[in-house]
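In the part that follows, the structures are each spelled out as structure tokens.
What follows is a pair of complexes built around subunit A, which joins subunit B in one and subunit C in the other.
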Partner chain A sequence: MENLSNVTVVKSDGQMKKQKLKTWGFYISVVALPLIQFCIFYIGVNFNSFFMAFQQFKPNSMVVESWTFDNFRELYRQWSGVDITLKNALKTSLFGFGVNVLLGMTSGVLFSYYIFKKMPLYSFFKIVLFMPSIISSMVMTMAYQYFMIDGVTAIAEVFGKTLEPGYMFSTKALIGGESSIITRSLLSVVIYNVWVSFGTQILMYVGAMSGIPEGTIEAGQIDGVNAIREFWHIVLPSVWSTFVVFLTAQIAVIFTNQMSLMNFGAGTGVNTIGYHIFKNMERITRKAGNYPELTLYSALGIACSAIAIPITLGVRWLLTKFGPSEE
Partner chain B sequence: MKKLFTKLMCFVLSIACLLTATACGEGGKNTGEAIDESKTQLYVGLVSNGYGKSWLEAAEGRFQELYKDYQGEGGKQGVQVIIDNVAYGGTLISSIQNVRAQVIFTGETVLNNWASANHMVNIDAMVKESLSGLTNGEETGSIEDKMTEDVRALYKYNGEYYALPYVTSAFGLSYDKDMFERNKFYLAAADPEGGDYTASGDATFGYDFVDGEMFTVKSSGPDGIPDTEDDGLPATYDQFFAVCAEIKTVTGVNPILWGGRVEDYIKSFLGALQENAAGKDFEALKRTFNDVDTPFVTGYTDLNGNNKPDVGELTLEDTVEDIVSGTPEYLWKHESFFYALYFLEEIIDRGYIHSGSWDNTLSHLGAQEYFLKGTVENPPKGFDKVAMLVEGSYWENEATLYFNAMGRNNEEHKKENRNLGWMPLPHPLTDEAFKDAVDNDAVPNATYNVMDTALGFVNPHTTTNTKQRDLAVDFLQFMYTEEALQDFTVETSLTRPMSYSLEGRWDEMTEFGKSYVKHFQKADLVAGQKSEFTSKNSIILSSYDNFYTSGISKEKLPSRVFKDGDKTAWQYFNGMSTYYQGYSWIR
Partner chain C sequence: MAQVKKMRGVRVKSEKSVPTLILQIVLLTILVLYALSLVVILGLVLLNSVKLGEVYNYAYMKLPFGKSETGESIFRFGNYAEIFQTMQFNHPTQPNVKTGAWHLIKNSVLYSVGCTLLQTGACCLMAYAAARYKNFVSKIIYTIVLVVMVIPIVGAMASEIKILNVLNVYDTIFGAWLLSFNFLGMHFLILHAGFAAIPKDYSEAAQIDGAGHWRIFLQIMLPLAKNALLTIVLLKFIAYWNDYQTPMIYMPSLPTLSYWLYLVGTNSNVIVIMDPEFGVPLPIERVHQYAGAMLLFLPMFTMFLCLHKRLMGNVSMGGIKG
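So, the complex of A and B:
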């Protein structure tokens, strides 16, 4: 039944069916293309990648020659051999994850609280921190690199210090031996990634914080709760579920996170598992002669997924079960 | 009203989502050129790269004129050639059936893979046919006659031709001849009156440079022959380092530049140094693995007491090792790999690398601009002087924008007026060894591997009709007539691995083009069909990605390893063979 002013219109079954058909037709027309794209480029591609991990291709082609576990054996051989590419890539991925969580996510929550409380210059910070999410990532990384290379050098000169060219992207190990991953280049890349992660976090956290009833905040203020206690006992529990989502997402992408390295260009000396796979995929697909190597990187992807999936689910369960609650 | 607006917005958004469907279907259409319905269209696919398309356009007009009376279907007369953009072969192979191009010139195309999948038309008869008909009797030979036996093998599948060479380019150093002349960076000949044109001086006490007063004659250069294109250029590693030192002293800046953003060009540079140091025989070994005896490095004798191996100090195993019967590590013990790393280490350690090479924001185009502006007499503000650019020989085409921009302010800076040159890589020989080689007429030639994946071929999927196919094959044949080959080289400053004369056309080329082509024409080209053994072991043999070292991640480029002092070239070299101790050949 549909009300039209003060007139009640009764529709026949045929008209109802037609209406339903139109509604469904509209929904289907909107979701059809994205659904097809999802099926081909997500489900199809991932299934293909899974099967490729157990295949061997004929030379110079993607024709399957045999089904085998050799790719995993080769992966193990590369892992345990003298070449430390994979080990360093893993270390870098874990280091990036650690910094993102300890520094990026905690700062994200704190910055969001600062903005939520409308502290001095909060609008300015909101814009600056969200800007990397709006501006093209290519432009952002170039601007960042220009600043880190030329800007930092200019600032150092003001203080009477002359830095060597490319100082902030030096690949020389800061601590540890020659195979250490800790270089100024890595730190510069990680700082960039932490900075660009703030935008989405602030958007989500401030939104979640805005959902806290005003009465709860006021009651806390009346009881003499200071900012720290308000944050810890009221705000954090309210945004905990959002925090868990972000943390879970960070864990899920440990092995696929490229840390924007493809925008930084060659020569950073920084490599993550995700970037390692990307770079080799790009190299392989440019020359048919390299096609048989595709299966090796599929195996690497499967191995990483086998590790990431249980950890992600486990951490999520733990955080949900033992994290603070609004009660 | 609100409902209507909502519905309208939903409709517009749905249409916007459908825009992604434009990626489906035929790719690479050229929508710029209007179709002439009175003529038969011939679509030519060309990959977008640094070679440009002016070479194709130069020949296109002549072909259309030659075929102005061509009787097409439906009463059409004449042919209209339309150039489309196509992808590189690695990507194109999956969409070749949707591409309208009938003749294709592209790169990264493995002939065996394409021909076996029926993605190329058999052109054997055409390649062996006389060109007399197409050239009004000016040429009587065939396209096949223009290629050596080794080169021919690259374009055959099952003994028959399926493609022809598109281009072969090289990687190395470019320099500004005027800058060298102006600043007196050319090496002087030791005793020109006595017939000794090797460089005057030595590494210990220094070399002499042409100054127009005491020293007026240039040395013979890397080819060991006076009065040739490379006169005055460094012939040995020591001479090269001396020239760099002189440049640094005079200009105050480090002479060698590559784009920091494309620092992985270093791998190509190392590859070029290695193949030049190795020579034709060893490079051919990597293709065929025929039982070629080759000595390998076992150590070094520290003759000059500096605790590291230099040129002429390596100890080579007297007894030869059959690489195929052993393990892959022996391949990586060849001295050429050490010399390539040694050269890179020296130019870094001696401080000859321009700061831009370590700048992640300097792209390859930025480096080209820097080189063009840094080598003029008064570089504009913001550009240091620089002397040598590490790039592929195709860079001149890529830098057209910068030539044009500079040319607008100063005629002398236009592409056709710049006096740039291709610098042959020096030899890993001591000065004494080089002099002996000159005296015995045994100076090694420069060596280049032919790019066997840059191909021109006919697409069978768009030439199903015999008439269409014949026209496409005729066009491909036309592009390999003498005049069309000359067009290619004149327009791109690049070459094809074929024999053709540039007599009468040299004046149309830029100085850089002339310099590069004259050098390339004297070089040894390594070609030949790769053996089944080589194909099976392609993962081990993939060249440029294998410059890494034991104990260092592959992601740290050799240039960074040396810059940061992580390893010496000697350690790096030994690390490479150590890595391969764990491998076995796939037989």
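So, the complex of A and C:
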């Protein structure tokens, strides 16, 4: 027997069984293919990635020749040797993450408050802030890069100063010695990443803020709180869980974030772990002779995942446990 | 400055305090500067895309009007025709690959439309199943999406390439489509919330009338989720249309328009413009690169202007009548 919208429908056991079979038949037909795809291209890929880290391929192919720790030995050699590529890539990845969290994410919450409170020109800003997410990253990078090279030079000339060619993308260390990553080029790339993601960061929190009960805001206004106090004591705790989710997502992509370096081309002298892996994947796929190198980058991926996973989960746990709560 | 607000029938006079005003002014100033930076930088790309190359070299900020020192008109639409020619190029890694405007557009359309429909379809199916059919599999599906968002996996590209090779779909459009046919990500959660919010009355009424599960899904649930679905389709299409890295790695012999723009933007030496008079390659100038950027930017920007309310709108579902 089924109660459907206050109408009692009497069905026999056979009919009920048939109905249940039809329901399961529909359910399986809907979920089967996506689940199979998930099993192959997520579970299968990640297991295979783990195994590949311990394999050596035969020359010019992806056929397994042997099982070995050589990939990790090679990684260790690259890490601890004279070549500081990997070390600098790691430092740059962490630097970019730090700037993004300190500048991008924290200011994103503040500017979201502006949009949420419908302050002057908010609807115009919503459109402008959304634009970078629909424009091709190549267009944005090209526009920015040539503005920094040609536009800054032209502006400097107006003030009577002559800059050397490519001034804003100079690879000379600004502070520290030769191994320092802090160059004008890095700062230009980091500023680009903050500039291009500024709008997306802001719009992310507007949705979360719109979930704050109106009564809470009104009660605060009746009590005479100003905007700053309202933001700090009401809005920020209310969107804390969203902030934690996005911060966790940023930590999760520390080692995959390329900081748009593929778009800038080879001349920046800047490198991140994500860019290092992608650049080499692109080189490897150009010809079959490079395929045996795939195992080395699987090993690098496994090593980075082994570091990133506990940090991501740990930070998430800490922020959820010790952060402000809505109560 | 006093504002009189009516809240629940009580007239409350709220004054904007000095700290609030200062905060508002500071935030407004920064937002105006940000908006200006976008408009100016992208505007300069448009202005320089129709400029004579030699003038650009010493007058980046100059408007493209008037004549140059050699008497030539500064305004030059020919940059677009010249950069359009470069869509026929010798592929840097695949010597037998066909390029040219038609092939680039065809590959771009196949890639972006196919991947958009498949990924939206997978998200929609799984979100509907997980939201409307409460069982242990639905719980597993929902948990998978949340866990995958949190757990970072690095460097799986090598493994993906190998698996696509084993399945014999590497470097094919089918391989790219297969990779995109997944339900992971924020859009699953959006659709899940949307489907879960639809009252059961709709499906129960349809069941009483004898509709099967597929009919309920296709003729009742999908139309109710139309707004959210269209927004997701548009956002995904834009993302896939602009993506050059996935085609570069997973279908290198099927170059897309975005890959062509990557070659133009990074001044790759495979992109050449032939001098019509002497038949020799000319250097790619910045003005050509800007023209190439505009060729891809303007259609997307036009679409955004026409559809920005849809793209930025919230998800909403229909109501029950009677």
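In the analysis below, the second predicted complex is superposed on the first by the 280 of 327 C-alpha atoms of A that agree within 3 Å, B and C clash if a C-alpha of one lies under 4 Å from a C-alpha of the other, contacts with A are read in each partner's own complex, and residues count from 1 in each chain.
To be clear about the criterion, contacts are C-beta pairs under 8 Å (C-beta built on N, C-alpha and C of every residue); 3 or more make two chains touch, one makes a residue touch a chain.
Note that the structure is a prediction, hence the values are computed from the model and not measured.
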item	value
Partner chain(s) touched by A:Ile222 [first = subunit B, second = subunit C, both, neither]	second
First (subunit B), second (subunit C), both or neither touched by A:Phe97	neither
Subunit A: partner with more touched residues, subunit B or subunit C	C
Partner chain(s) touched by A:Tyr146 [first = subunit B, second = subunit C, both, neither]	both
Which of subunit B and subunit C A:Phe54 touches, first, second, both or neither	neither
Touching partner for A:Thr171 - first (subunit B), second (subunit C), both, neither	first
First (subunit B), second (subunit C), both or neither touched by A:Phe255	second
Which superposed partner A:Tyr114 touches (first subunit B, second subunit C, both, neither)	second
Which superposed partner A:Tyr297 touches (first subunit B, second subunit C, both, neither)	second
Touching partner for A:Phe130 - first (subunit B), second (subunit C), both, neither	second
Those residues of subunit A which subunit B touches in one complex and subunit C touches in the other	26, 30, 33-34, 37, 142, 146, 264-266, 285-287
Interfacial residue positions of subunit C with respect to subunit A in the complex	5, 7-8, 12, 14, 17, 19-20, 23-24, 27-28, 30-32, 34-35, 37-38, 41-42, 44-45, 56, 59-61, 92-93, 122, 125-126, 128-129, 133, 135, 137, 141, 144, 148-163, 165, 178-179, 181-184, 201, 204-205, 207-208, 212-214, 217, 238, 241-242, 244-245, 248-249, 252, 258, 261-262, 265-267, 286, 289-290, 293, 296-297, 300-301, 303-304, 308, 311-312, 314
Complex interface listing, subunit B residues touching subunit A	10, 13-14, 17-18, 20-21, 88-91, 93, 108-110, 112-113, 117, 260-264, 355-356, 358-361, 363, 453, 535-536, 538-539, 542, 545, 548, 550-557, 559-560, 563-567, 575, 578-579, 582
Residue ranges of subunit A in contact with subunit B within the complex	26, 29-30, 33-34, 37, 59-61, 77, 81-85, 88-89, 142, 145-146, 149, 165-166, 169-173, 178-179, 264-271, 276, 283, 285-290, 292-293
List of subunit A residues in touch with subunit C within their complex	4-5, 7, 9, 22-23, 26-27, 30-31, 33-35, 37-38, 40-42, 44-46, 48-49, 52, 62, 110-111, 114, 119-121, 124-132, 134-139, 141-144, 146-147, 150-151, 153-154, 195, 198-199, 207, 218, 221-222, 226-228, 248-249, 251-256, 262-266, 273-274, 277-278, 281-282, 284-287, 294-295, 297-298, 300-302, 304-305, 308-309, 312-313, 316
